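I have a structure I would like to understand better, so I am pasting it below and will then ask my questions one at a time.
Should a chain be cited, it is by its letter among A, B and C, assigned in written order, with residues numbered from 1 in that chain.
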Amino acid sequence: MMENSKPSGERRLVITGELLGRGRAGHGAYEDNGNVFSKFVGLAEARDDLHFVIPLSGVYNPKRGDGVIGRVTEIIFQKWIADINSPYEATLPLSEGVEGFVDLTKADLTKYFDYGDVVFTEIAQVSKQRHVTLTMRSRKCRKLKGGRLIRVTPAKVPRIIGKGGSMVEMIKQMTGTQIVVGQNGVVWMRGDNEDVAAEAVLTIEERAHMHGLTDYVKAMLEKRMGKPYVPKPPEQRDEGFRDLRSERGESFEPREGRTEQPQAEEGLGDVENIQI
Amino acid sequence: MIEMDPMLITEIAMRGKRIDNRAFETYRDVQIETGIIGSAEGSAHVKLGETEVIAGIKIEIGTPYPDTADEGVLTCSAELLPLASPEFEKGPPGEESIELARVVDRAIRESKCLDMKKMCIKAEEVVWMIYVDMDVLNDDGNLIDCACLAAVAALASAKMPKLNKDGDKYEADYDVHEGGLPMNGIPISTTFAKIDGIIVADPNVVEIKAMGARLTVGTIDKAGEIKLCSMQKGGERGLKIEEVDKIIDLAVVKGEELRKKVRIAAGK
Amino acid sequence: MGGHTEEQVIVDGKRPDGRAFDETRPMAAEIGTLKRADGSAVFKFGSTWAIAGVFGPRKVLPRHREQSDRAILRTDYRMASFSTSERSRPGPSRRSQEISMVMRNAIVPALFLEEFPRTAIDGVAEILQADASTRCAGINAMVLALADAGVPMYDLVSSCSAGIVNGYTLLDIAGKEDTSGELDLPIAYYHRKKELTLIQMDGIAKPEKVKEILRVAIKGCEQVYEAQKKALRSRYEVVTEEAE
């Protein structure tokens, strides 16, 4: 998000109702007679005359295109219901979760996604009344097996990812863990040093509004892991986490390496040996 | 149930007329009838437009509260009967009926129209308990003003029972009446709603749904001048200080109009 | 207000604690004290002490209460049994139910409820110690708790009360002033729109006097506003340099 853009000004702490300046209101701000005010306690930035605010707290308000981590809580009729760490539940319809034809008279939906399964999924649609529809069709979507989940303030996710993914990359590399960050403030990690990775993420959550955060986390990781951080050049990195909040829509494509089958045997995302 | 679109109300307000063709500051027709419930010491039936409330006064002998040991006890309560509106439910009092009772109670209590010290029979032991019970029979808006009119008219026309002392025991004889309650001034509550920036008096049920805010102001006449004795703002929007000023001024005028009707009805 | 004693409390034009007539008691506010709540805050006027916690926006239960196009705000005002000099029975009273309602109406105008349809924002204000202006302290704490929870708002709402004691118009009446006072007028002020979102009055006064008291109370709300803003700012360290 803001890490990937070039702010034209400083980032400063503002409180609810504070005047940001004259101009237009972006996220987290509102305009009243040409004056722009903050809706939140957060960090304000301005790009030309567009003022926006990153809140320092708050729940996740689902947005189309976001990659989120959810947990299956219910299975009814032809769909799964998932908790996506939001006041709003999300629905994964059968057609978005399973490739190919499914004979409902014979199929057991828990075969594809069972109660308690954790998935990295994409928000396909959000209605005006915030009914959320998920899809597993994007390439990034997959089941997340094992590991642990941490909840953070959704608004702080960009800090956890870092500019161009640099922050999460550092944590992954230093701790040797797989990490997936959902825009909804849920972070999944798996590896031998999960606890160090978790500590790093929670540190970022606590200090998101402070300066020198990257250095602080780097120092903490170096101390914990007993080795210096030498960033790998981009070509040598793993696939890395790709920010799903992209403007282009994901196209409906079969997963690579799968062959079309008349009967589906696994749900989308059911892949062993995840390389992340 | 299909109801009037609140947006239509504001359009009408813009055009200078209310949905029932009243001027902004005009109250609906008021009808007050007292002494209608024989079993109560005082009673009144008030119709404010189609809003209807019956208030009953029961006066009994009881014990005072410890921190007001030399005063009688005044208790007000209100029931929003399910027959009064499709929106009233059976069951324990909701916040609307609690607010109604407390606002009327405040207007009566804070105005000191009833000298509760005169209701003391024997300090710390025996006092008169005055129960004001309001039953809302029909809700066509502005329950507060209607209920307050009913309560006050009932109080003003109530008859005290005779006090009999038998050794240490006090008893009330309800067959003999000894005059009315000692009232000094008639408190009147007047409610105004703000709809799209326009202040209207005595909002009806449709206007209540469309309004942003309402302000109820209680006034009392004492020693020849009108004073304010209570205020309560309701509704989910706010009021500018200038709007509050205006409502205060209107409350004095409208309160006096209603007060005259109560005096006539109560024979005072 | 407590029972009336009609004592001469203002002696030689001085208030018992030496405050100016238009001065509030020392205020204190702290944000984020309750870890399990989504947002929380403490607010004090002198010894009146309120703590508020906010949960949400979250799913509405029971479901039939939800509104399809906006969040609902549910506020609960409670007084601890030990908060007053005489122990009060635990549980809601008619007074606390009424105050819960006027608190909600005081705060709702400042919230962006439409951003979270079909949810509830639940706020609880508990009075731990009561010395007048408890509903005001409750509102001030709850507004801060809402901001702490990341609920989008137009502005803060501030609440304060003014009244008449021994014939004098005073701001933030407390202690002996409260038991001997003739009139008490708590209000809440929504600064962005310059609107009063709570007005209640107990007592008798001439109309022009009431208008004057309202204005004194608004000035008090402006003092509260400064205290609230300061508390929110000091919750986080100041960010001065450029973004990384």
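Basically, a contact is a pair of C-beta atoms (placed from the backbone, for glycine too) under 8 Å apart; a residue touches a chain by one contact, two chains touch by 3 or more.
Only a predicted model underlies this, so the values are computations on that prediction, with no experimental measurement involved.
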Chains touching both chain A and chain B, listed by label: C
Most centrally placed chain, judged by C-alpha centres: C
Maximum centroid distance from chain B, chain identifier (CA atoms): A
Distance from chain B to chain A - Cα centre to Cα centre, in angstrom: 57
Length of the line joining the C-alpha centres of chain A and chain C, rounded to whole Å: 38
Mean-CA-position distance for chain C and chain B (Å): 27
Footprint of chain A on chain C - complex, ascending: 38-39, 56-59, 68-69, 112, 115-119, 147-156, 191-192, 229, 232-233, 235-244
Residues of chain A touching chain C in the complex: 2, 7, 10-13, 15-17, 28, 30, 32, 37, 39-41, 43, 45, 55-59, 61, 87-89, 128-130, 153, 155, 163, 209-214
Interface residues, chain C side, partner chain B - complex: 2-3, 94-95, 97-98, 100-102, 105, 108-109, 185, 190, 193-207, 210-211, 214-215, 218
Chain B residues touching chain C - in the complex, by the definition given at the top: 67-68, 93, 95, 98-99, 101-102, 106, 110-112, 215, 220, 222, 225-241, 244-245, 248-249, 251-252
